[in-house]
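Labels run A, B, C, D, E and F following the written order; every chain starts at residue 1.
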Amino acid sequence: MKLVAAIIKPFKLDEVREALTKLGVTGLTVTEVKGFGRQKGHTEIYRGAEYKVSFLPKLKVEIAVKSEMVDAVVEAIVGKAKTGQIGDGKIFVSPIDHVIRIRTGETDSQAL
Amino acid sequence: MQDNTPSAIGRRWLDPSRSFGLISGLGLATGLLLAGPALAQDADPAPIVDKGDVAWMMVSTILVLLMTIPGLALFYGGLVRSKNILSVLTQVTAIVCVASLMWVGWGYSMALTDGGALNAYVGGFSQIGLANMTADSLAATFSDGIFIPEYVFVIFQMTFAAITAALIVGGFAERIKFGPLMVFTILWLTFVYAPICHMVWASGGYLFELGALDFAGGTVVHINSGIAALVGAVMLGRRVGHGSEQMAPHSLPFTMIGAALLWVGWFGFNAGSNLEATAGAGLAMINTFVAPAAAGLAWQVAEWVTRGKPSLLGLASGVVAGLVVVTPMAGIAGPMGAIVCGAIGGVICYIAVMYLKNGLGYDDSLDVFGIHCVGGIFGAIATGVVVDANLGGIGLDDYNMAAQVTTQATGVIITLLWSGLGSLVLFTVVSIVFGLRVPEDHEREGLDITAHGERAYNM
Amino acid sequence: MQDNTPSAIGRRWLDPSRSFGLISGLGLATGLLLAGPALAQDADPAPIVDKGDVAWMMVSTILVLLMTIPGLALFYGGLVRSKNILSVLTQVTAIVCVASLMWVGWGYSMALTDGGALNAYVGGFSQIGLANMTADSLAATFSDGIFIPEYVFVIFQMTFAAITAALIVGGFAERIKFGPLMVFTILWLTFVYAPICHMVWASGGYLFELGALDFAGGTVVHINSGIAALVGAVMLGRRVGHGSEQMAPHSLPFTMIGAALLWVGWFGFNAGSNLEATAGAGLAMINTFVAPAAAGLAWQVAEWVTRGKPSLLGLASGVVAGLVVVTPMAGIAGPMGAIVCGAIGGVICYIAVMYLKNGLGYDDSLDVFGIHCVGGIFGAIATGVVVDANLGGIGLDDYNMAAQVTTQATGVIITLLWSGLGSLVLFTVVSIVFGLRVPEDHEREGLDITAHGERAYNM
Amino acid sequence: MQDNTPSAIGRRWLDPSRSFGLISGLGLATGLLLAGPALAQDADPAPIVDKGDVAWMMVSTILVLLMTIPGLALFYGGLVRSKNILSVLTQVTAIVCVASLMWVGWGYSMALTDGGALNAYVGGFSQIGLANMTADSLAATFSDGIFIPEYVFVIFQMTFAAITAALIVGGFAERIKFGPLMVFTILWLTFVYAPICHMVWASGGYLFELGALDFAGGTVVHINSGIAALVGAVMLGRRVGHGSEQMAPHSLPFTMIGAALLWVGWFGFNAGSNLEATAGAGLAMINTFVAPAAAGLAWQVAEWVTRGKPSLLGLASGVVAGLVVVTPMAGIAGPMGAIVCGAIGGVICYIAVMYLKNGLGYDDSLDVFGIHCVGGIFGAIATGVVVDANLGGIGLDDYNMAAQVTTQATGVIITLLWSGLGSLVLFTVVSIVFGLRVPEDHEREGLDITAHGERAYNM
Amino acid sequence: MKLVAAIIKPFKLDEVREALTKLGVTGLTVTEVKGFGRQKGHTEIYRGAEYKVSFLPKLKVEIAVKSEMVDAVVEAIVGKAKTGQIGDGKIFVSPIDHVIRIRTGETDSQAL
Amino acid sequence: MKLVAAIIKPFKLDEVREALTKLGVTGLTVTEVKGFGRQKGHTEIYRGAEYKVSFLPKLKVEIAVKSEMVDAVVEAIVGKAKTGQIGDGKIFVSPIDHVIRIRTGETDSQAL
């Protein structure tokens, strides 16, 4: 199994979620994060104190999926989260050994 | 109807016998019954207390409290980091408490009663604990024969002492120890505020007799607190991380609420200083509306031109700057004079906050100096100009602009010196005895947890 | 004691000579000294200025400012997304500033002085810059011979202009450019507000002479701003993501604080419109308490029945709707009439906001049309009914319900047309010259950063 | 000038004919025109209505509303968890709505009109729906011959009913059902509040005739609501997770804003209870300033000594405790008496909240009992002491401290019993008919979503 | 070494932490997240605008442990975080190559 | 490729980011987290209710890097985030299979 973690622009969440649902993904977990990258931030001035804000609000969407689903999931995310402008984000795919559903104790693919 | 022609008001300002004269309560309690005929022979009519004035002065008092808590507390609290907001709120609120007890205890007496031999500089001790005051004690207004209950006058003035002391904390927010600050507050109100209040507003006070005009407290409140805050900021030193770490305001909506309540409450401050519900108070209200409006917009335009964007914080800061500027001239200038002074003052304070502070490198956390002291100085001096009847002001007898401006400048300098040096001495004493600054790791973790054991937000 | 019997009040409303007549200041300055005897021969007594009235009107003025900032600013600010709250706070505050300068500059003169040949529609230029006003200038109240200082009248009315202009921004919040909005505000106050204010409230004004009743501004403030907001909302178009993305209010506690301050301040708005501290103001206060109470509960019950849950936002919205409804009838209806109108108005506005808006598909961001215009129309018309002495109202001479309702409807239609068309023209002009709407990526990122360079919260 | 010597005020308090006597409107409408000569023969002069008083009482009314919304709502709302703030705000606001309709409907009549045979305990039905009231109806003040419009009196008292009912919800916040709470509120105001208000304040009321002193509502408002809250807290049981889970206040800045607005508004509550804009109101204001100041600092010092840190919540709680304590004595004690009572009261309430609550194990969510009931009891009894002219109070004729304290204690006990038992019965009835407590999973998820369908914050 | 990441209901945090402490776990890191899954959300209506809220507040608890501890840790979490109702959450176990303690530079099992 | 996840004290973020930028790291993602560990929390008392706060605010900094960069990155973080006092935090290094840049669809080392 794999964990697909996508850093996306916040306003793309709903579209991404819908696309994943269509693929049969039944669950995902979202975290508010701040991203630093090529996308430029902005400068804020408060009473003469200047702050360069280089961290921009992003969402991290994590989806645990069976390995064979990874490509479809990645494709779906790319398809929906892309605006073509710098800062669209990244997807990281990493291995998971086990998944356990707390409610039932089911494991691995049954737990998804 | 009050004799409200310009020259009459002018005269009243310079006539010591008018200013805050008090009719002693005890004497009056019995005296009043006899007063009618007795005074008639003196051709001096029985004192008039109009319930409209009493209502207005009670409202004004409440408004000045509203300015302070939650107004000033939020204005300041929104500007600090979220780990320090409770410390600011606590400081401001506790100062209100301490100041009110001190005022009833000895502050009012030292500020606004007759000081005997020292009367040019400070009041006396006749009203310690309001001991000799009753419901029949009266305080004079600026109109002949019109009085308000002394109780009401005491509490109106009490709120001025409270907000002045509270303003100071902005200079060294996010790094001062709570207990020592309370000690400083009591000392400062006693040795700095009371004398300056007396000199400016009490009959026989040095600046009052000199003819310095300060309608609602430009010197007494704003220059006074502003210079004390600067002294404190310099003595405590800059915050850890100042200049390198993010110290953006944690909640500008709170700052905006605070600024709005300052504005709302300032009508009590300025128009209440008229002591009567008359057209003069109405004029002070108009000026207290348009001067900050002009200053707020001027600050924003200055930002727009120099930085590309007009900010809310700029607007709010400008409004407060304009309120400071108009304070000494509120009932004295005409609306056009107030607008012009507001606009100029807004730009001057913008420059002080943007360039002077950065240039000199002091860390006046919340710009008490840049707004209250700088704005206060400009307003105090400009008052000498806009009082001119030709410029729409109420005019003065034997008015000479240069002379009046000199008198105003004298008031400014004396206040700067007295408060600057006095604050230096008092901060030094408190620093030696108790220490002023929290340890660095407390500053890092935030004063809310380390000094007060609480967190502001648990979402 | 004031002659306060129903029919007398009724008559007063219809007697042009009573309404907002002004005694010119300059003439009076010297005139007054001579007035006593001179007027005595005319059997017209010297004007009476009661300090109780002055105190009350100054308080009312302050309350209307409190309604606007921080009241309305928070009510609106809580409803937008957190990336746009500062833009709303800035817009409302800056409008207050701009409106006050405009009012002192030419607004008051155009709204409430004699307009000569055009007097049916607009005032004149005699008081540009308040040039001819002194502390002795007086404005008439609704009682014979009772006056208040004109300064106080100017500033009381100034706060009405400010809040009316500020209300409009709710229609197109989260997407308008700041600078062009300021330009629109100045134009709108000049060409839409001042004439309507004059027509409704000034002696000689077209609707005033027609006998249209508007105690505290149902047409002048609420219908006027509500239709302008709708025009703006339609012209600017819907927000990006409207209907598809989450646009839930970012801080309902702020909205609740705002609604509460609107309620608190509205007593100044409604009972202050009585211009005197009398039982009539007391009646206006009771109505301003019970009508929104009934409306808030009615809105909640409507939600409960149709949606299963009574919400805070519903309660707050209903309270504001009830305040709008009771505005034109505040000193005119009896408490039972006010309760019934409040309850009905609450349900009507609920329907407008829930179904009309969604049905027609416009994006009136903060429901200025659904609450202020719809509620204002209902209130204006219902005023013609509840004024009936048989329904507990204060009654009118020669009252005929159908006729009065027709008169009221005429006032509504004229206001809708004048403000609707006027706003259309002014939005078009500003749009062509400056553009009205921010670029889409600014809207996405939020106006706080893109237009003002700040973030609201840094937790 | 009012006869304001101590003994005169004392007498006035004990003279039933002075208290809240009403001149029936209908009779007066025509009667007044004839009154002058007729009354002159009776040596009873025409009633005087001073606009200064009217202005002050309208302001006081508005201030008490401000205390409640947003004041109390925020004070409470900040203390609950973020998932329940909207429920608290909704409850407080809806109670204001319900109470105002009830008051105009039958509450005022049952509380403050003549109750005929039952007059010692409750009023009558003559003013149901304010049916017989006009703009000419008057209510007596504490001064001979001085009246205020009955409309104003009705609405001033209305705000008291509203805040008293709203205070109760703090006892069982975060777990009560909304609808049943509304039913309870109506019943409680009818069967508990109206009788107690009548007994204490109405001419002929049992405690009034006994000579129990309660200047502004220590028994009527604070003991009354405090004991009801305790009964509710015990009957509903402790919150899920109480004692084990984190229940820290979610926003102490909101709580501080609330506390500040409570303080600001309390001047209307206490000084407004003087019913006139006189020095007596000024004294009430001073006391309402210094007692909470002393109490706030005393609470903080107690914390500092026992827990090591002075907290903002402690300061705010102490201020509110001091306001509660000074309420019954506001216009009766001297400033020094008020300070001492405030300081002692602050410590007593601190002990109640820190040790009594934990010791007994009830879950009074927001400490309504520990602050309002305990502070109210202490204040009510202490009033019997500090009224002593030798202690700076206004004095009473034939004053005997032991006797007065006994009278005060009688008032306390009757209030505790009536409200305690009455609340027990009403909670039981509502519980049986509708149920009082939400299901556990609703409590877990939070009442904002489950009861009102909203979330407070969407950042 | 493994990273055990558990998505749980927020009010279960204290119980879970205590259970882990008993097992000898000395550290963990908690993140506020929003979960989408089988558990139904609710609908919110604000002035006629209806929003389906399908993301529910959850906590992500991350614990780095020696591989042999994984089963015990998972068991402890399941034992405490389970309410038996839909939405109790999931546990993901994934590999970690290294752990470093910043303060001392210690690595791997000594860094835990 | 590897994911380096560092739990650090919040006020160290800017220094860490600068050091990483110097190493050539062009992107990273930051999450606000609460940490439980050896570092002691504090006790808060609100009106007689005492709460032990054992979770302290930390930041999680995540950086996806080529495997050969891991050591340099870890060293840079340790160098800057260290104060020498308990609670400085931990670094976890774990494997990533793939990285995808949403904007362009580039993968793996080209996506960084």
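Quick note on the criterion: a residue touches a chain if its C-beta (ideal position, glycine included) is under 8 Å from a C-beta of that chain, and two chains touch if they have at least 3 such contacts.
Small disclaimer: the values here were computed from a predicted structure and weren't measured.
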The chains touching both chain D and chain E are C, F
Listed chain pair A-B, D-F or A-C that repeats interface D-E [over half of contact pairs the same by residue number]
A-C
Could you let me know which interface, A-C or D-F, is made of more C-beta pairs in contact?
D-F
How many angstrom between the C-alpha centroids of chain D and chain B?
33
Express in whole angstrom the distance between the two chain centres, defined as the mean CA positions of chain C and chain E.
54
Between chain E and chain F, centroid-to-centroid distance (C-alpha), Å
18
Junction residues of chain A - those touching two or more other chains
31-32, 44-46, 94-95
For chain B, jot down the residues that touch at least 2 other chains.
50-53, 55-56, 59, 246, 248-249, 251, 257, 307, 311, 313, 453-455, 457
Using the contact definition from the top, classify how the chains connect: line, ring, star, complete or other.
other
Sort out which chains touch which and give me every pair.
A-B, A-C, A-E, A-F, B-C, B-D, B-F, C-D, C-E, D-E, D-F, E-F
Taking the touch rule as given, give the residues of chain E at its contact with chain C in the complex, in rising order.
44-49, 51
Per the touch rule above, chain E residues touching chain F in the complex are 3, 17, 26-32, 64, 94-103, 105, 111
Which stretch or stretches of chain A touch chain F in the complex?
2, 6-8, 31-38, 54-55, 58, 60, 74, 77-78, 81-95
Please give the residue numbers of chain C that touch chain A in the complex, ascending.
241, 244-246, 444, 449, 453-455
For chain C, which residues count as touching chain B in their complex?
29, 32, 49-56, 58-59, 61-62, 65-66, 69-70, 73-74, 77, 85-86, 89-90, 93-94, 96-98, 100-101, 104, 129-130, 135-137, 149-152, 154-155, 158, 178, 251, 254, 257, 451-459
